[in-house]
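Order of writing sets the chain letters: A, B, C, D, E, F, G and H. Residues in each chain are counted from 1.
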Amino acid sequence: MIDDVQVTRKIFERYSREFLNMTQVDVVIAGAGPAGLTAARILAKAGKKVLLIERKLAPGGGMWGGGMNYPVIVIQPESKHLLDDIGIKSEDTGDGYYTADSVECVAKLLASAIDAGAKVWNAVTVEDVMIRQDRISGVVINWTGVNLTKMHVDPLTIGASYVIDGTGHDASVCTVARKKAGKLHTPSGEVEGERSMWAEVGEQTVVENTGEVYPGLVAIGMAANAVMGAPRMGPIFGGMLLSGEKAANLVLSKLK
Amino acid sequence: MIDDVQVTRKIFERYSREFLNMTQVDVVIAGAGPAGLTAARILAKAGKKVLLIERKLAPGGGMWGGGMNYPVIVIQPESKHLLDDIGIKSEDTGDGYYTADSVECVAKLLASAIDAGAKVWNAVTVEDVMIRQDRISGVVINWTGVNLTKMHVDPLTIGASYVIDGTGHDASVCTVARKKAGKLHTPSGEVEGERSMWAEVGEQTVVENTGEVYPGLVAIGMAANAVMGAPRMGPIFGGMLLSGEKAANLVLSKLK
Amino acid sequence: MIDDVQVTRKIFERYSREFLNMTQVDVVIAGAGPAGLTAARILAKAGKKVLLIERKLAPGGGMWGGGMNYPVIVIQPESKHLLDDIGIKSEDTGDGYYTADSVECVAKLLASAIDAGAKVWNAVTVEDVMIRQDRISGVVINWTGVNLTKMHVDPLTIGASYVIDGTGHDASVCTVARKKAGKLHTPSGEVEGERSMWAEVGEQTVVENTGEVYPGLVAIGMAANAVMGAPRMGPIFGGMLLSGEKAANLVLSKLK
Amino acid sequence: MIDDVQVTRKIFERYSREFLNMTQVDVVIAGAGPAGLTAARILAKAGKKVLLIERKLAPGGGMWGGGMNYPVIVIQPESKHLLDDIGIKSEDTGDGYYTADSVECVAKLLASAIDAGAKVWNAVTVEDVMIRQDRISGVVINWTGVNLTKMHVDPLTIGASYVIDGTGHDASVCTVARKKAGKLHTPSGEVEGERSMWAEVGEQTVVENTGEVYPGLVAIGMAANAVMGAPRMGPIFGGMLLSGEKAANLVLSKLK
Amino acid sequence: MIDDVQVTRKIFERYSREFLNMTQVDVVIAGAGPAGLTAARILAKAGKKVLLIERKLAPGGGMWGGGMNYPVIVIQPESKHLLDDIGIKSEDTGDGYYTADSVECVAKLLASAIDAGAKVWNAVTVEDVMIRQDRISGVVINWTGVNLTKMHVDPLTIGASYVIDGTGHDASVCTVARKKAGKLHTPSGEVEGERSMWAEVGEQTVVENTGEVYPGLVAIGMAANAVMGAPRMGPIFGGMLLSGEKAANLVLSKLK
Amino acid sequence: MIDDVQVTRKIFERYSREFLNMTQVDVVIAGAGPAGLTAARILAKAGKKVLLIERKLAPGGGMWGGGMNYPVIVIQPESKHLLDDIGIKSEDTGDGYYTADSVECVAKLLASAIDAGAKVWNAVTVEDVMIRQDRISGVVINWTGVNLTKMHVDPLTIGASYVIDGTGHDASVCTVARKKAGKLHTPSGEVEGERSMWAEVGEQTVVENTGEVYPGLVAIGMAANAVMGAPRMGPIFGGMLLSGEKAANLVLSKLK
Amino acid sequence: MIDDVQVTRKIFERYSREFLNMTQVDVVIAGAGPAGLTAARILAKAGKKVLLIERKLAPGGGMWGGGMNYPVIVIQPESKHLLDDIGIKSEDTGDGYYTADSVECVAKLLASAIDAGAKVWNAVTVEDVMIRQDRISGVVINWTGVNLTKMHVDPLTIGASYVIDGTGHDASVCTVARKKAGKLHTPSGEVEGERSMWAEVGEQTVVENTGEVYPGLVAIGMAANAVMGAPRMGPIFGGMLLSGEKAANLVLSKLK
Amino acid sequence: MIDDVQVTRKIFERYSREFLNMTQVDVVIAGAGPAGLTAARILAKAGKKVLLIERKLAPGGGMWGGGMNYPVIVIQPESKHLLDDIGIKSEDTGDGYYTADSVECVAKLLASAIDAGAKVWNAVTVEDVMIRQDRISGVVINWTGVNLTKMHVDPLTIGASYVIDGTGHDASVCTVARKKAGKLHTPSGEVEGERSMWAEVGEQTVVENTGEVYPGLVAIGMAANAVMGAPRMGPIFGGMLLSGEKAANLVLSKLK
């Protein structure tokens, strides 16, 4: 026999335990797109306590819609292993590109990150960073529902050794860090802003630009290009995945 | 070297092939929530051509948010095998309930449906049904983007031997069928509307109510309860999954 | 030294304890206006476990604004003791009316209810009732932020021996009970709707109409008049407070 | 017998008397959050004529929602007496923090300020300051309803010896003073903008920054930190209350 | 020398006196369009205490815009005297019609009503009627700003021997009276709704339909046609003015 | 040399002449979609004075977007001559269908209607009909800009011997005629509402249903099917064009 | 007998004549508030061709609402004659201020401007100026309805020897002139922006600042203070009226 | 017999073929207003592969509405041949201007561009440019429906030897090129912004300013004037058409 009140208690008890377990973590990743999910998987697999915070109700970022709502994405041979590793089927087009189902990609990136031990909090917004002596030491969060309705409600804080900004074009964590914490490690000290589409360059720079832009804050994926003033790419996701992998390794080396 | 225009071509060529392959299918499932995803997995595994059409950019329906945004759901022992089958971890609370991570649930239900061969079209809205001699014979679809902006653009039609309505509380496919095709197989011939929450009853009726409500149209999950005037349930998902399983078996028996 | 993460933990730990303590209560009062706050105070003082759920961030309902935004309310001699009891100053106008500061009224009604032991959850919406064998046995709640943004997130359930509808003109709990549970104990079985303003009659009927409109569901204040088809009153609050008092006594007699 | 028209007259007569009594006051406090309410209480107790103007219908500011909508706040030992003084219960967590019910806090801060003699006008917006020979000498107000609907209606003016800006993150009175009156007494002369969350520092600076930022204009609470470029705090309110206390004493010393 | 605070006092003192003088009047006219203004002028001239309440900031109703924003209106010879009486210039088109400047018409109708002694409250909404023993005995009003922002603020009541509904197509006072007070004196007892445009008939019926539709409530102008199910007219205003004149005479005969 | 004021005068002088020439016409067609444009072309070619009134800034209705925003439409062999007549290129698909560019179709339908002598007024809304002794005798129009902003501005009237409703799914002219003038010549006397998509039947009924639904009012295209309760069609336009042709011939036979 | 189509023709014929008569005028006044109306009256009385263009449907600007929606305004002895001249009643408060009914003020300012011969076009927006060899030589107008709906429709141009900006706080004509034509005759060459309220100074500067800010463009009323960086005033209108008078005399001296 | 699914297939098959044929073209023209359509016609006639991309569902830009919604435009003698060439009727006003029906103009400019071989994609937005080694080499597009709903969906890329910006006042392609690619060939390197209306100058400069503002990017029509800081024109279109003609010839000379 099912008792509605028991359902309430079971859900809250588990969440309560998980929440308290996650108030201080190794890594917070803001934005559960392809780069963030890849980083989460590798970091969690390496035994780190990883919390992925996604503003929307559904993780996945800009990958769900493929290109112009055609649910297909393209990947390069160099990054194909990152799909293979987690069982995403890809099709060889015969001329140096692979295509994959964009919905399958999100589902499996997400499943594999969770299987590796990462925790996902969805419909939660990172609205600020916690700063201590010129180092980012956590994030300041609120319910997205509170945020969107502009209700006047204070946020809570999650401590983290590293924060990864995987929020895409807006690079919203880097932007708030710039505004409230100080200059970033970029050519001008500012968030430079993404440049026009040029897949070839963008795919390369997204990996190069992945790195620590402020003590304790690492930019990845499109956020990395946006912060450093590099081109955006279209629905080609190799660089994104490699960026997530690079960030994970970078943070792992620091946390040792 | 990556060429942006080639990326465009590769995506469109694959989509084009897939689209034309899917203009006439065995089953269209409207709404990629837990019931729809379960039905899709079983039908596709049985070799049927299955098209899942999801109005939002992200499939998953109401399952992402757990209960009140706490990303945890509850499941009963009787339906636990439907989680086990696809590798979703659950926790025994010791008193007859299991909890699971709501995000993991969606990711794996989705991955398993795709692995079984179902195709998902997201950000596409079913705005009407195709009707032929008092039988639903397909769905009428449009881009959700067109739909939300009320742009005056005609839809296209996808033919199907069976249409499954997994759109949840609104039962939107059944509602349009009632309005435009005629009376449904319900007590009053109308969409009865869901009743107040009573998990125990709702969990039972959602399976009982799963069935053909108009020739060619099967209601599942919360849509089944809404159409038949039964109670809604909270974040407990056993009945949902069993409803999807029952619908799949029903359609399979008819399609033979 | 203050640690932001500790602040997070302290808040959540206390809330977690309180939440679990409140999943099954004696009385849920929906709507923290003057009638609901008065009922809460009396019930809590009598030792009942009382949970007040308020849709807005700030409790107080329509009392804050006095009449036409002039922060003054009027009270009759018969109900003046309900202000006196909790230290609200009132001014005798010399001809049978007392005036009071509307902001002071809300602050002290609220403080006294909390002092008596009632718990207030604000920015939480009662979106449905829990129904068991033709009796209301609890409420179905969600964050107001989730509700206003129409995010697709399931609610949770709070069990209660009695539910009091103090939601005012909308009588929103009674309305959902009528729609999903069945006919109410009103002349037509429906929510009759409030009638035009007539303070003299409304002030009298609001007390008379306070009562159980469905097993387990008691209507109070303007919700009582709205359910029973009686007149609304203006910024005169005597009947409201007496209605809260009557409802409290009614529920106390039943709970013994 | 109650007469609706008499109710109208009683309300307006009292308001009319109070309004005319408040057109020239000792102190106007804009924003009825925890800092503003504390300042109001102390100033009124000392015999000053104090007018609190709150933009929303309900005073209380960001305190109602606790942290992330969990209605609990945290307070430090040093400021606990400010809760004790007005009868707010707090819980010792055993490790240097106290928690309190956020709703109780607002209700009692508000009740105590009114009991001390402060007058609250709610749903009224301070849209500008009155300036005379380089000194703020009052505020320019309008109905919030007029303001939100952008109706073209002129405001009225309230004269004050001191104006206290307790409007929080926006520091909206300081902002308009900067724009229309001239440079502020801040490092750059501008409203510096709040910095990222750092409770330890923020709690200290909020008291230090409380002070006169322009002749006749005192910034308190989060507005003080925002004006001076100091960190924001989370749902920890000790500094807020101490800031209100400091501002009250500062103004008292000037008004003698 | 001008003192801003004195300006505030002078305005409020005069308003306060006028408000209290107007809480009980002979006639409230809701809607300051051409019919309402004409009725106001005649009633005030006859010595009645007349209060015109206009929902918008600017009185004038649908007359400002002429036809399709061309600021010209048409009038018949039979009603030309009502323009002449108040100095509105009209042009004889030579074939039985007169044209006039629509802006001039509003300005002079308004000036003449005020000169006759009527009082206008603008940006105030009649949201309900006061009802006593099956007779309308006043109106329930609120600031339009409060009304449009859906702030939860109680209204105030103005007593009147007669209420005239001059709110045009919506007949909003009659509609609320029907909903909350009971059946109207119309063929079906309901607000019948206006019929399609037919100037010839509409111009005639608007005068015929002007009358008491519920004890104490008189419908005029387009509201009269809307209540009685008669045709609407275009930018021809003779019937409107005659309707106002008839209503004024009707009420005068009753008030004697 | 160009003089801006002269440009103003030239435009207004021509419009003024055209407007006055069009205040009484043979046929008003509401809605400039494919059916309306075809009817306009044939009627104008036959020497009738034809005024096409289109609510949007751009005529063309639902034809611009082809199917799901793919700018292609389908046509049957039987109606191909209506494309050929006006120079629209079509492609034979080899199995009984022709495709055409949807943008080309609109451009040439429009150009040919204008070449035949029809006048188009765009961004003008038909908001009502003119009714005289149970016959529609014209339309009541306003600027769409006035209409969308809900400005209170009276409309103007255009007289017509026949009014054709080509407003599509809404059948908005028939709907207002039903509401304000009386029962239509349909099975129930009501606007029946369109049924679900069934191209084969819809294409046939759209021609059959084209006819006079009220004296003086002819429904065409999708409005005809909507009024008579017949199925909608997708982006196949043969029936639309034939409906326009039939309506033109019907009206021509009546006007002789 | 009234014929709807004749009503249409009469309105359009008169408007057409008036429009063509007004394409080139002596003075265009943008904004029909108290300053603009006063200027219009004096200029028209002196025989100039004056066109008043008002963005809203109702002229009157910010004067309708008095102060905070209390429909009363204040005037100084020095400007009382400008009320007396046009028959506006004022009340002597006995201490150097006069009050007047704000609605009466607008009605009579408007009526007197029209009686003097000025033409008002309402619901028309001045969206740009016409510029010729560094002199404003007219205004560029569009329907406000087109403007608010952001319909892509080109404006028309009205030629004028002088343009007066009476648009109030926004000084919108001066702002567009600054942006598109070049530097203004102000301290910085920019629109300086209004300063905080200081009635005494503002009342004086509004007259001083009234003047030509760009060849052919005169700023008046609050626009004059906003352009020159002077204080705003509250609901005191003497300076406004004197500003209108000064501008009229200035333009008259130039036009001779 | 018509089969809805076949209709779907025919439309998609044709679109699919056309889409793949258009992924790399000679010229992309963004914005299908009069200048863009003229350029498209000439370029296509010369054998170039031309793709016109229009953000709205209906091409035509600002030409549909004539001046202030009066559907008439003005043209000079020098550009009349561009109307004559494509069969647009114009009227000689006798004093150096020609008028034409604005709706006819759009229809025929569009029809003639398509007849010449240009392809139009409507309801598609150019959201970025593709950049390669400091040259614009294509455009980045998305569905307008996706764009307006801010759905997070990646765009696709179309390659082009030349991109023409015909987006009007916004010059949106030039603006994005400036922001993301670098300085433009304009006086300041920026988009200068259009100046106030001066038809005589604007008509001349629009032709002069038509040219390459960045390698691979040509600005035409109002976009050319906006980029170069020249005046806007009213509803006079000679310069627009000549600008399109000049751009076409410029691109043709480069592509040889």
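We take it that a residue touches a chain if its C-beta (ideal position, glycine included) is under 8 Å from a C-beta of that chain, and two chains touch if they have at least 3 such contacts.
Because the structure is predicted, anything quoted here is derived from the model rather than measured.
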* Structure fact -> Ordered by label, the neighbours common to chain G and chain H are F
* Asked: Counting one step per pair of touching chains, how few steps separate chain B from chain H?
  -> 1
* To do: Would you identify the chain whose Cα-based centre sits farthest away from the centre of chain G?
  => B
* Structure fact -> Relative to chain A, largest Cα-centroid distance belongs to chain E
* So, what's the distance in Å between the C-alpha centres of chain D and chain A? -> 39
* Go ahead and note the Å separation of the Cα centroids belonging to chain B and chain D. => 52
* Any idea how many Å lie between the Cα centroids of chain A and chain B? -> 28
* Which positions in chain F touch two or more other chains at once? -> 4, 7-8, 11-13, 57, 64-69, 123, 130, 143, 145-146, 151-153, 156-157, 197-199, 234-235
* Asked: Touching pairs of chains, which are they?
  -> A-B, A-C, A-D, A-H, B-C, B-F, B-H, C-D, C-E, D-E, D-G, E-F, E-G, F-G, F-H, G-H
* Touch list for chain B against partner chain F, complex -> 128-132, 140-143, 146, 151-157, 176-177, 179-181
* Name, in rising order, each residue of chain B that touches chain C in their complex. => 61-62, 64-69, 168, 193-199, 231-232, 234-235
* To do: Using the touch rule from the top, collect the residues of chain D that touch chain C in their complex.
  => 1-4, 6-8, 10-15, 18, 56-60, 64-74, 76, 87, 91, 93, 95, 97, 99, 101, 103-104, 106-108, 110-111, 114-115, 120-124, 143, 145, 197-200, 203, 234-236
* Asked: chain D touches which residues of chain E in the complex?
  -> 4-5, 7-9, 11-13, 16, 19-20, 23-24, 57, 123, 130, 138, 143-149, 151-153, 156-159
